[in-house]
Amino acid sequence: MQDPIGNLYNWLMGWLVSWGVDQAISNILLSLVGIVILVTIAMVLDVFLVWIERKVVARFQDRLGPNRIGPWGIFQPFADIIKLLIKEDTTPNGADVFVFNLAPILSLASVLLLWAVLPIAEVVFGVDLNVALLYIVAAGAIGTLSVIMAGWSSNNKFALVGAYRMVANMISYEIPMVVILLIPAILTGSMSMLTISQSQEQYWFVLVVPLAALVFLISAIAELGRSPFDLNEGESEIVSGFHIEYSGMKFGLFYAGELLHAFTFGAFISILFFGGYNGPGVTQMPVLGVFYFFIKAMIGYWIIMWVKYTVPRIRIDHMLYFNWKFLVPFSISILVMTAVMHKSLSGYETPVYVGGMLAANLVLGWITIEILRAQARKQRKMDDPNSRVVAELTH
Amino acid sequence: MTALQIIFLLAAAVILISAVMVTATRNMVHAALWLIATLFGVAVIFAVLEAGFLAVVQVVVYIGAIAIMFIFAVMLTRREMLDKGPQMNKRAWLAGILCVVIFASLIYMLSSWVGFNQIPLLVGNADTLTLLGQSLLLPSAYLLPFEVASVLLLAALVGAVYVASNRKQEEK
Amino acid sequence: MIPLSWFLILSAALFSIGLFGVMARKNAVAILLSVELMLNAVNINLVAFWRYGNIVNMAGQVFAIIVFAVAAAEVAVGLALVISVYRRFNTVVADEIDLMKW
Amino acid sequence: MQSWLYILLFMIVAVIIPFAAILIARILGPRKPNPIKQSTYECGMETVGDSWVQFKAQYYVFALIFLVFDVETVFLFPWAISINALPMFAVVEGAVFILILVAGLVFTWRKGMLEWN
């Protein structure tokens, strides 16, 4: 029971080789089977995410949500899929047909690609890539590309404006995200997701770098283009943004990609900062990690939903200011602090190390809050009409 | 034919065909998208060469940043992008002949070199990522080029921001 | 196993195509795109020589990274210039920008 | 090498699945195009002019800053993972690299290019 997938793999491999199939070819065949199963799990999960999202938003807004088809409306997403499949698939006039059709495919593919490096448990994962952290960023780059392709090829002003906003949003918040991704790399000396999970067996990284976890959550929400950073959609101004001209299944792919992306980022938060598959009893039974992984990822996803349905949308200039004038300098100072503290504390025992890192984080957080408070006071003074009048009179 | 060779040939075909399309397409957005296909092919070549770090950096930097910049620039200069008139110089044929000559002479010169048909050594267990970090940051290795790259990027940022913000001074 | 010659031929071909684009295209953005092709050809060469030489000597990868930085700097400044020129002359055709002709 | 082969296979599967979904939808769904249906969606208004709107130059400036920051942070990854194998001096060197990056941000901030107007 230690490694069921490895055993199954070895058994199938032996079986195939005894049938006279070449070693390399049977390896590729088995990998392919594994990939198809992994992607299928992701897609089935995606179908249920539609239901979960609708149920949760309904509860936030004091409604019931889907409740007609099946118990608690659980079969609602299947009805949605059938509807999407039999809808007409329109292409607007003047659209660039090839690019127009490629964009939703790339959009979903960029999200599915992330699942290749997710360590669901110590023995259940796609591949242990030694540059996995950068691979996440690379998959995100393909997502950005799909947005701009969709916006440009639709031949629609709203779509193009929505795509610009979305891309500005995504590329801006990519910087703090990449900077924060450096921090688990510093702590573990590796870019592999599996190594990062393994090295959190004793303590979760959120204890060592709580500020980094917070910044990662914020930039992940912005990367997803979810509220409060959903000004790319802005239903009231640019009627849903870059995918306005898409209908039927192509729209469904964008939607599915968005939901699965949100869940996957919940999973990343749990892997990078909350121990991933680690939990009580995992060392005896590694398969139990699957359970912990999905619980933690669901909690992460729930927090992202909670923010989405609570916080109102912000303006594009505020969004960019918040990123470039606060989040980027803040994340860079977290990075420098973590690097220096980690290097100078690395010889000490675990309690000293964790305590020192935590203290450094608290000090940095306190300094940041003080600076922000001073700034806000200055701003309020400037904005206050009375003091402005006084200033003009005395001038 | 090993699997590796097949992957190489497919990637090379993608690179060369889309490179030709980059230079031949009239629509500039299409040219930028063809460039992305080329860059992706080059990333596959890096992976074939076991330089995994460079393969992902290729996708992050080139596709995620540089290609996006190109598409933005094309959007900003749209009037010329209506693709009227000839896209090539009058002496394009001369350039074509010159390039073929350069290609042929490069191959001719290289093929007379001893190491031309060299077979690679096995990578073994060398941790190339940590090695890369050490070579970038140890003063005995390539610390200076690394820091100079940073200064270069700073200079590029300052210069580009200065050029892009020139419009304000004109209006005054 | 792939012999080194394959990579060198690919790189030479990509470089020649890029060179053709630089010399033949009129549009300034297209010229910059072609320069990117040439830089990529250089990178293929650097990485191939790293792989086929002594693997512990990281010079090839280091310089590939420097080339990435140079490419980014070139795009940043080049496109800023193209946009600035476009604002002033309303064209991006390299031949028509002839202020310095005389 | 093995792991990159896996990623390549994964890419192929990840592209085929959405492609298959679109293909199935195209087979099952009706196809009755007409000019009104195909027209550009603009809340019922007729489209005025070219849809290729010239966009705000400010987007370009942010893309510029992003490009430089992206390249530099990506180069910090080799530094980050080898930090345990490096002397303290090299860690400080990495910090200097970051500070040069911050100087660029300070410049653009001072220049007022971060303002959205």
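Descriptive notes on the structure:
A, B, C and D label the chains in the order they appear, each numbered from 1.
The rule is short, and it goes like this: a residue touches a chain if its C-beta (ideal position, glycine included) is under 8 Å from a C-beta of that chain, and two chains touch if they have at least 3 such contacts.
Quantities reported herein were computed from a predicted structural model and do not represent experimental measurements.
The chain with its Cα centre farthest from the Cα centre of chain B is A.
The chain pair with more C-beta contacts between its two chains, of B-C and B-D, is B-C.
Centroids built from CA atoms put chain C at 6 Å from chain B.
Computed from the mean C-alpha positions, the centre of chain A lies at a distance of 14 Å from the centre of chain D. Chain centres here are Cα means. That of chain A falls 29 Å from that of chain B. Within chain C, contacts with two or more other chains are made by residues 65, 68-69, 72, 75-76, 79-80, 83. Counting only residues that touch two or more partner chains, chain A has 28, 129-131, 134-135, 137, 167, 171, 174, 189, 191. In chain B, the positions touching at least two other chains are 3-4, 48, 50, 52-53, 57, 60-61, 64-66, 68-69, 73, 75-76, 129-130, 132, 136, 146, 149-150, 153, 156-157, 160-161, 164, 167. Judged by the touch criterion defined above, the protein chains form a pattern that is neither an open path, a ring nor a star, and not fully connected either. Contact annotation for chain pairs lists A-B, A-D, B-C, B-D, C-D, with touch applied as defined.
Chain D contributes residues 57, 60, 64, 67-68, 71, 75 to its touches with chain C in the complex. Interface of chain A with chain D (complex): residues 28, 31-32, 35-36, 39, 43, 84-94, 101, 104-106, 108-109, 112-113, 116, 126-131, 133-135, 137, 155-158, 160-161, 164, 167-168, 171-172, 174-175, 178-179, 182-183, 185-186, 189-191, 239, 244-245, 248-250, 252-253, 316-317, 320-321, 324-325, 328-329, 332, 335-336, 339-340, 342-344, 346.
Every residue of chain D that touches chain A in the complex is listed here, in rising order: 3, 5-7, 9-11, 13-15, 17-19, 21-22, 24-26, 28-33, 35, 37-43, 47, 51-53, 55-56, 59, 62-63, 65-66, 69-70, 73-74, 76-77, 80-85, 88, 91, 94-95, 98, 101-102, 105, 109, 114, 116. In the complex of the two chains, the chain D residues touching chain B come out as 1, 3-5, 7-8, 52, 54-55, 57, 59-61, 63-68, 70-72, 74-75, 77-83, 85-86, 89-90, 93-94, 96-97, 100-101, 103-104, 107-108, 111, 113. Residues of chain B touching chain D in their complex: 3-4, 7, 44, 47-48, 50, 52-53, 55, 57, 60-61, 64-66, 68-69, 72-73, 75-76, 78, 81, 129-130, 132-134, 136-139, 143, 146-147, 149-151, 153-154, 156-158, 160-162, 164-165, 167.
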